[in-house]
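What follows is a pair of complexes built around subunit A, which joins subunit B in one and subunit C in the other.
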Partner chain A sequence: MSSERWHITLAVARYKQGADPHIQIFELEVDPDEYVLDAVERVWAFHDRGLVFRHACHHSTCGACGMRVNGQEKLTCITPIRAVCQKDGTLKIEPLRNFPVVSDLSVDMTSLYTRTESAAGAQVLNLKHSSLPFEKNLFPDDGLEHERLSDCIECGMCVSACPAALTDAAYAGPAALAAAHQTVVQKGLSALPAWVDSAEGVWRCHSGFECSAVCPSNVDPAWRIMELRRLVILNRVRCLFGLNKD
Partner chain B sequence: MPDKPSAIVVGAGFTGCALAYDLSQRGFAVTVLERGEIASGTSGRTHGLLHSGGRYCVNDRESAVECIQENLILRRIASQCIEYNGGFFVALNDEDLAYAPRFVEGAQACGIPVEQLSIAQALRLEPNLNSQVKAVYTVPDGAFDPLRLALAFAASARWLGAGFRPYHQVEQLLIDGHGNCAGVQVWDRSADKRCDLRADLVLNATGAWAGSILKGTRAEVVVTPTPGVMVAYDKRLINRAINRLIEPGDGDILIPQRRMVVIGTTSYETEDVDYIPVEADQVAQMYRDACALVPAVAQTRMRGAYMSARPLVGKGQAGRSLARTFKCFDHQESDGIAGLITITGGKATTCRAMAEAAADLACKKMGIQAACATAETPLRSYRDYYRAPGGAQ
Partner chain C sequence: MRNHPSPSRFPLWFDPRSRHPGTWAFILNRITALGLTLYLFLHLYMLSKLSQGPEAYDTFIALAKTPVIMVGELLVIAAGLIHGFNGIRIALTSFGIGTRRQTELFWLMMVLAGLGTLFFGYVMFFKD
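Let's turn to the complex of A and B:
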């Protein structure tokens, strides 16, 4: 939102069902303070009405517009062009990895939504359960019960950045495991989904922490996965001594 | 058993998704065509306030009554995606204070529960509120996640058999030899293919685009696309929605959402709604308005600025003067085109009622007796949109 104007090149990944994927170049005049999603939307509006991309809220509450920008996962609606590009530079825009591509920049999120559902991840949480335990005094506290929409916006960027998800499609992935951790925090250890303690669950993670690096929403999936491992071990020990109630 | 009557719903915003759910429940075979993805137009970019109706209870009581009724219904059926922490109406100066009696009277007339708080009590509940407030009233506001609200309706529709086709752009309506609507010509943007789809009824639920989709037919719907700019800041400074106690105007609502607060909005008119840039002066205005309600916004990083085009029915000198109610058009009556219905106007908060009105009309036209049942049962999990029988989309 400035009067400055940059001439940038957008290299956009294109793919239509049944055709070969390729990169297409678009030249754009942009305000560098606008967001990457604005540039993508402008390609659609003024250059090619065939361009397919996901987007909805344009302010980081829905998670629809995650893409790879110059090779890095970005929530494009809150990523200013200035933050990822130089004057007269190039932006390479590609769909997220580790999901099937529907067309162009849009991926099929079925696996992510299905897995977070099987982790019983709630979207609305009590304020006191809604953040990471080491974060203190984040929100005004009037002593009353309040609800808050969960931090995880299911954008899929953690799955796209995850090296383990890249090599194993059956891996539950950081988003679903983070949701499982959230569920345990909220409902207790008895709510731990069984698949968490399996080779495709919490043990597949290689502790690369790429997920937490790209998360736009303070979920910190990697910390939650490590914490979940501790809880899984705790659960096993409790089972060993018959301390768990069904 | 005879075949189900078929319906094509154009547009997968709040109205289209809720309409697909309602029609499926009443026995239609529904196909939803959406140019983008679910909620990629006005709906996705909505402010996210689950209105109590307080904003409209003085000047637009019909909308206010719709809002409070639907507020309570959505709270019941869509609590999975609503933070329901209530809201304040706050007076910041003497002019605001003078509006208070009209506000209280309007709220009572519309059935909106309001209660006055002492300033000390209000500041204890919301410590970041401007400490110079002169009066504070509580209202039953909430904040919702736009994409997930639309998805919850879409999920419920899909599990009743509705088909959703994202990235399918309707290029024109198919008009048969009698001058009636027989279906649509559609462009599948994901495969770059075109085809004709036929149905007993076509329901135009394209909101701000409702007029443009009818181009090329005799039908006309006057919709004034009225965009407004919103700005999100990177800290959750409040738990309740904070409304300025004045007549509806710019920058008069600050809502909490996840870890953010979002201020809205402005109001101007535009012809082309496909791409509307966010202007710097409006972002600056939203910043000033947000700081007036909650001064700590000044110490908070801006997270995003965006705009959304309201679909207001009719033409007015200024968008603020147009009612926020919705309207359902039977194009057989208005233009002699059978098989075509348009539903537009309204607010996110009233999307279910809009769907009910359009589905009532659709049932009447097809001789279906089923009553609306969408107000009682909670919607399916929004994630079930992706888990529906038959797999992805």
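Let's turn to the complex of A and C:
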């Protein structure tokens, strides 16, 4: 933190069921090295206790504080104000897209959780299954079996940024498809959920690649979706020639 | 319900604000596809002039050689090149080829489309 102080304007999307949605303005003095979530919390603490938003861990592990900051999906607990605003500038804070708004900045993410669950993606993975194939191995090879948590923190930002999810409520979405890919990596193609190879699965993706652009956690959903497509086509070709072992 | 996905929200596909090159490619592909579809109908209308006799056809061809129409034709060529090259990029990435380099692929394809448009523009406007 620095001793520098900035005046900023926070333009917060407000919505309560039965009332008209609107933008409410709050003037704040902030340290520019604070995070966007700190500014939102300050509004709640000192200006309006009725402001509803989700947050928990404050260190990008829980994925609860995903919001749109100046139109773009950001995990607000790790987004410094300095990175998205200037002195005397405005920060527009809105809820994630493509999820029903419960109140103000809080959205109902039930669809994300149920779809991710139906992909049977493991939360804890063997080290060799947990990383993307083009990633450097960050762990020393000591000959022992290691496990770690999967990268996806279920923040929902990939679904919010996805243009296909904008218009199709039935689309499985990038997070669930990435989880399905993780399942295939771990258990083989026979574990592929049937919905992946369907109009609402990998084939609904419009190749906008926004999911990977906003993912704060190195999941790279777009790469996983394209890899799933490749595997699905490969599997079909194998089936055609009776070569499928799965 | 507010913010719920719906087909009626499709105009937001064309909003490039706060988006990345992947979405710009997505928007360009849709705009060029719509433009090419519109051109197809214009092309069929032009061909229908054949059935109205040689004079009607010649009159239309004379109109087609005016600078304004030729600029329109160059836009059609540009749309075809943008759509085609971007389609190659999407086909490659959809098979897992160059997925990690899709942004660079997009710019490469747009440079190729731009060069192609310049070439055809030169042929149309400066070659006898």
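Here, the second predicted complex is superposed on the first by the 240 of 246 C-alpha atoms of A that agree within 3 Å, B and C clash if a C-alpha of one lies under 4 Å from a C-alpha of the other, contacts with A are read in each partner's own complex, and residues count from 1 in each chain.
The rule is simple: a residue touches a chain if its C-beta (ideal position, glycine included) is under 8 Å from a C-beta of that chain, and two chains touch if they have at least 3 such contacts.
Given the structure is predicted, the values throughout are model-derived calculations rather than measurements.
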item	value
Touched partner set for A:Thr61, first subunit B, second subunit C, both or neither	first
Which of subunit B and subunit C A:Lys87 touches, first, second, both or neither	neither
Contacts of A:Val107 with subunit B and subunit C, given as first, second, both or neither	second
Subunit A: partner with more touched residues, subunit B or subunit C	B
Touched partner set for A:His146, first subunit B, second subunit C, both or neither	first
Contact footprint of subunit A on subunit B as seen in their complex	36-40, 43-45, 48, 79-85, 124-128, 143, 145-148, 150, 167, 169, 189-192, 230, 232, 236-239, 256-260, 262, 274-275, 277-280, 283, 303-306, 381-387, 391-393
In the complex, subunit A residues that touch subunit C	15, 21, 68, 70-72, 95, 97-101, 107, 134, 163, 165-169, 171, 206-210, 213, 222-223, 226-227, 229-230, 233
Subunit C residues touching subunit A - in the complex, by the definition given at the top	1-7, 9-10, 12-13, 17-23, 25-26, 90, 93-96, 99-100, 102-103
Residues of subunit A touching subunit B in the complex	1-3, 16-19, 34-35, 38, 41-42, 45-46, 49-52, 54-64, 77-78, 102-104, 106, 108-110, 113-114, 116-117, 122-124, 127, 138-140, 142, 144, 146-151, 153, 217-218
